[in-house]
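One structure is given below, encoded as structure tokens.
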């Protein structure tokens, strides 16, 4: 299990390769690896930049708890949650998750679960900066509702 | 949209990086990228090797049809299906799919859909070689049933 | 003339990956009956149609599909990709 | 003494990211009432509790959570990670 919270950019391709190598080593039994990559949408050119604030200390705990919960619900040979904070530009990678399991249904469901929980239970807040001003992104009711799926 | 059928191994990390670069270029609006990687399970050491047979000509057509169907159901900025054939060893990468969309639900669902259809509608057949003999992998009823989800 | 292609255990039971055939059969099912009468290896390969799939000119089809104008017919077990 | 942390627009409305406080409040809700009476900026930040979340010693909690033994309390809007 790997949890990383960082301001620095990450190399998505290199992270995928390293995750698959960890997840699918000899004896892991892994047959399925799923990764999700979240990017800053350019929003039709409206967005000039984004700033992500987080709660150092709690963030790592919350992400570990979410990953541990996923590993308890599905037989995962490996889990990755990597999330950036600080200033970001349109097109930048914000975060990624990785899941690996024997079968694909578990890997898909666990990745989807991680994303749902990460969205509403990890202490990150996005602020968007556009030509017409800056605004904190509002949480969506549907994000909270999504947790009811699990 | 990229469809590739090949005997050669592929570099999963490099494929992920290239897919994300194609999928999330300026103006794509992409905010979510999902990849799935399928590996040869070692089956507790039982499996010594695997051989994948396919139907050249029909394979490419079937994969294109599946990718086109996915792109019609979800707003995808990019789709990748890459599948190997020929001899494979435990731990080897068999195939991968990639999907990119504005929102994560579409990217997850499209990747899951591609896998369900690829499993039952693309002309690939796996033969497993173990110490106690060789056997063609039997299709599972649940794989056919899974198509009913969509 | 029609090209017949066999894959996986269908290929192994029939003993070859492809062959060309002149046939007067009207449908896929008729052609299968014709083949089964020819030799035991065909009878073995086509013994249980529920375990078989057919592609007509590289598209999945039913066993009652007509053969008129068809160039390529493929028989194989249910697919196991992914 | 308790550490109070503020994030996102809560931090902006209150005008600082953290502060230490001596309080006799029994619960999170009591402390909020105490803060609201102190200055307008707290009243503005805590005007609508439905728009707020609280973490007690880095765990999400309810507003009626007791403060006895608590070292760190954080107030913030609903989270928007991912």
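Letters are used for the chains, namely A, B, C and D, taken in the order the chains are written, and counting of residues starts over at 1 for each.
The criterion applied here is as follows: a contact is a pair of C-beta atoms (placed from the backbone, for glycine too) under 8 Å apart; a residue touches a chain by one contact, two chains touch by 3 or more.
Predicted model only: the values in this text are computed from it and were never measured.
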Least step count from subunit A to subunit D, where 1 means the two chains touch: 1
Centroid distance [mean C-alpha coordinates] between subunit C and subunit A, Å: 48
Distance between the centres, which are taken as Cα means, of subunit B and subunit A, whole angstrom: 22
Approximate Å spacing (C-alpha centroids) for the pair subunit B, subunit C: 27
Shared-contact residues (touching 2 or more other chains) in subunit A: 38, 104, 115
Where subunit D touches two or more other chains, by residue: 82
Every chain pair in contact, whichever chains are involved: A-B, A-D, B-C
Interface residues, subunit C side, partner subunit B - complex: 5, 7-9, 11, 55, 58-60, 74, 76-82
Subunit B to subunit C touching residues, read off their complex: 38, 52-55, 57-58, 61, 83, 94-95, 115, 118-127, 136-139, 144
Residues of subunit A defined as touching subunit B within the complex: 11-18, 20, 24-27, 29-44, 91, 93, 102, 104, 107-108, 111-112, 115
